[in-house]
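Structures follow.
You will see chain A twice below: alongside chain B first, and alongside chain C after that.
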Partner chain A sequence: MKWARWALLAVALAAFPWIAGEYYINLTSQIFIAATFAASLNLLVGYGGLPSLGHASWLGLAAYLSAWMSLKLGLGHALTAPAALLGTTLVACAFGWISLRATGLGFLMITLALSQVLWGTAYRWVSVTDGDNGLRGLTRPAPFGISLDGATSFYYFALAVTVVAITLMAMFVASPFGAALRGTRDQPRRMSALGHDVWTVRWITFVYSAFWGAVSGLLFVYYNKYIHPASLSITSSAEALLGVIAGGSGTLAGPIVGAAIIMLLKNYVSAYIERWNMLMGFVFVLIVIFMPEGVVPGVRRLYLRLRKWRTG
Partner chain B sequence: MQYWIIQTLNSLALGGLLFLLAAGFSLIFGLMRIANLTHGSLYMLGAYVGVTILKFVPNLWLAALIGGAVIAIFGGLIERFILRALAGNALGQVLVTLGISFIVADFCLIVWGGDPIPVQTPLALQQPLRVGGVAFPTYRLVVLAIAVVTAVALYLLMERTRIGAMIRAGVDDMQMARAVGIPVSKLFTAVFCLGAGLAGAGGIIGGPIMSAYPGLDADMLPLALIVVMLGGVGSLLGAFVGSFLIGAIYTFGTALLPDLAYVILFLPMIVVIAFRPRGLFGRQTV
Partner chain C sequence: MSEALALSGVDALYGESHVLHEVSFTLSAGKVLALLGRNGAGKTTCMSAIIGFLPPRRGEIRLFGEPVSRLVPEAIARKGVGFVPQGRRIFPTLTVRENLIVSGRSRAGAPVPWNLERVVALFPRLKERLQQVAGSLSGGEQQMLAIGRALMGNPRVLLMDEPSEGLAPLIVAEVGRTIARLKQEGQSILLVEQNIKLALDLADEVVILNTGRVAFSGSAGEVRSDQVLITQHLGVF
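Now for the complex of A and B:
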């Protein structure tokens, strides 16, 4: 039964580009990118209990590194992609070391402040980042000689990367290390008494989560062929966090659903009204007040209640 | 010489404005354990509301008082009707303040448009003060004086009055404060109003220096965050020292190394967090 559902999902995702038009294919590619990004943040927020408001750092930094290396150093994608991931992960090692001096709201404020450093640098360091103009004129890679310039080929590429990323994140969560991580979220002192090094568990999670954030950053810059400081802004971090919380933090499907909802809202609503920020603000307030656990756990609870009511 | 004096005064004026912003932020965080992410927006909203008030009341100081009161009421409403509904859910409260900050930012964009709106320096203060052949921009001196007076007033409020003693008790041990009968819930509203009002008034007073523009909130909020983390949560002295430190680093950093000013700005914060997580004068860890 469970396998049947997965198979159905796989067929639906694989067949989607044949049914849908280019607009929807591109929209779905963007949802994949946002889902990977939100899922990586969920490792910290949902499973580690560490609310980060600076996750855009990883998406933006990886995108900028890759863009800068290919534009200003003239390197090929085979080199820029691993180098961007490595560079971003190294910065995450340092940022994690600083931010994890605190937990809870302190952690949130430090991650926010640190991501503002990157944002401010992207804006001001014009000789490197081209400032407000952003870096443009980028290309998509062509893995194994397959061009990704078409909507359909990029769709499959993004789908493949997303499936790999989410599988590896799910394995991380399901592993004994993931169990220890949830332990440090719920009972840090007990975990410490049991001999777990709480700080290191959190730090490794921080770096791992940043790594997948960087992967989504590469997808992002490949998709847009352009990167602007706005990708590093607090709005970008907040969007991801809203996706995680709206979908349901600490669940695997939550951030994916949440990211999809946000992306659809953003695309459809901004076609009619210009005020995406205000709408996002209202969604934020409403979700936090009325559906604090998120859509996925909320729907699941409703479903269970309904079934219970039916069976009497 | 003249250049350095101007830069120093700029840094002191910015430090003063930062203090108006960060003092409230720090008290709110210290007492309510809420990182109020609307604080930058309250500052910006103050600046814009000030612009509108100045059309009817041609006096900047009166406008700052009225505008500060308006923002204080707005802050009080946020606290009473939204944050109160989420009592005990610190993360939820922070996210709601973030959501409100987006709403306020867009609201300002709708009402006042996307172009920066300059605010005129009061006529009496437009002439620089000349002492021994050196000109001092008068308005910046006045801003500095206002910040110092506010700091002294807040200090007296905190250390010499009954309300201040209650706030300090709440910051140090909330449960004990409740247990001995301090009306903590009323204090929350009062402190939130006070913090919001200071931020709003700061936005108006800062108007002639910074003007009112979209993005002012995103520029000011990180500065307030660093000041508070540097100085220590809930500490007035920390907010004071931190503000002038950050004001100086930001001004001179921008003047000397414009590309990397933002990086330099965060270095002291990183050093302090690494070696003294509670901040310079804080009593509790963030």
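Now for the complex of A and C:
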């Protein structure tokens, strides 16, 4: 039964570009990117209990590094992609070391401050980042000689990366290390009495989460062929955090659903309603009122209640 | 007989309030030492000092001769101090299996090392519930999980803080049998207990604390036969 559901989902995802128009194919590719980004943030927020308001740093930094290396140094994608991931992960090692001096609100404020530093740099260091103009004129990679310029080929590329990313994040959470991480979220002192170095558990998670944020950043810059400081802004971080919370933090499907809701509101609804921001706020208020635990756990709860009611 | 855990002249303070005054006692390897006393006598504080939550202001704590009182809690745990906290304190959102594996640690020289199979063989009820979220267990099952979790770390010394608290008599008896079995296998145990009868049945040695000082130190037999001592310091029976 469970396998049938997974198979159905796989077929639907694989067949989607054949039935949908280009606009929807591109919209879905963007949902994949946002889902990977939100899922990486969920490792910290949902499983580590560490609310970050600076996660856009990793998406933006990886995108900027890759764009800068290909534009200013003339390097190919085969070099820029691993170098951007490595560079971003190294910065995350340092940022994590600083941010994890605190937890809770303190952690939130430090991650926000550090990401603002990156955002400000992207804005002001015009000779490197082209400031408010952003870095433009980028290309998409062509892995194994397959061009990703078409909507369909990019869709499959983004889908493949997203599936790998989410699978590896799910394995991380389900591993003994993931159990230890959830233990540090619930009872940090108890974990140290069991011999776990709580700080190190959190730091490894911070870096791992940033790595997948960087992967989504590469997808983002490949998709848009353009990167602007706005991607590093607090709005970008907050949007991802809202997606995680709205979808259901600490669940695997939650951030995916949350990211999809935001992407649909942002791209699809905005074509019909001018004040779509208001609608987005309204949707979040409704979610918070009716499903404070998030859409995924909320729907599951309603479904179970409905089934109970039906069976009497 | 070698010493497993020794406290000598330990002073501990919560802020400015002096809780432990020159507490000294020795737990011999393979024995059970019961730490008794009224509420507020300093038993749990003693445990906190040993596991590193409340580092002693003065004095020394040694684990098999090695000083551990200046170490952080995770280092003390890795040296081989296992802890079953008061009120169980299992991880409610983790599954039973995850609760056990998070503390899994092998230790060279452990005669029969504890692992998941041995722990569920000791507590068959946990076996049926391995995939269940630990918060849904009954109080007795949670206590077994807390003991199993501590054993998974293959401790050289096991600290148990009121393992019978709040449990039904049948379950208390089961916990008692478990402790007796661990003792039989050569596990060194420091037991804090309000259930005096259970403690005296299990213990080889007894230390009684009164307002943070050692009021008595001797064999369990001596306490059993000394009604005056019991009424004076423990106020029961």
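For the reader, a short list of remarks on this structure follows.
Here, the second predicted complex is superposed on the first by the 292 of 312 C-alpha atoms of A that agree within 3 Å, B and C clash if a C-alpha of one lies under 4 Å from a C-alpha of the other, contacts with A are read in each partner's own complex, and residues count from 1 in each chain.
Throughout what follows, contacts are C-beta pairs under 8 Å (C-beta built on N, C-alpha and C of every residue); 3 or more make two chains touch, one makes a residue touch a chain.
Source: prediction; values computed, not measured.
A count of residues in chain A touched by chain B and by chain C gives the higher number to B.
Of the two partner chains placed by superposition, A:168 touches none, neither chain B nor chain C. By the touch criterion defined above, A:195 lies against chain C but remains apart from chain B after alignment on the C-alpha atoms of chain A. Looking at the shared chain after the overlay, A:179 reaches chain C, while chain B stays out of its contact range. In the superposition on chain A, contact of A:187 is made with chain C only, not with chain B.
In the superposed model, A:75 lies in contact with neither chain B nor chain C. Contact with neither chain B nor chain C is seen for A:265 once the two complexes are overlaid on the shared chain. The interface of chain A with chain B does not overlap its interface with chain C at any residue.
Interface residues of chain A facing chain C in the complex, by the touch rule stated above, are 176, 179-180, 182-183, 186-187, 189-198. Residues 29, 33-35, 82, 85-86, 89-92, 94-96, 98-107, 110, 218, 222, 225-226, 228-229, 258-263, 265-266, 269-270, 273-274, 277, 285-286 of chain B touch chain A in their complex. Those residues of chain C that touch chain A in the shared complex are 51-53, 72-74, 77-78, 83, 85, 89, 91-94, 98-99, 101-105, 149, 153. Residue ranges of chain A in contact with chain B, taken from their complex: 51, 53, 98, 101-102, 104-106, 108-110, 112-114, 116-117, 119-121, 123-127, 233-235, 238, 241-242, 245, 275, 277-278, 280-285, 288-289, 292.
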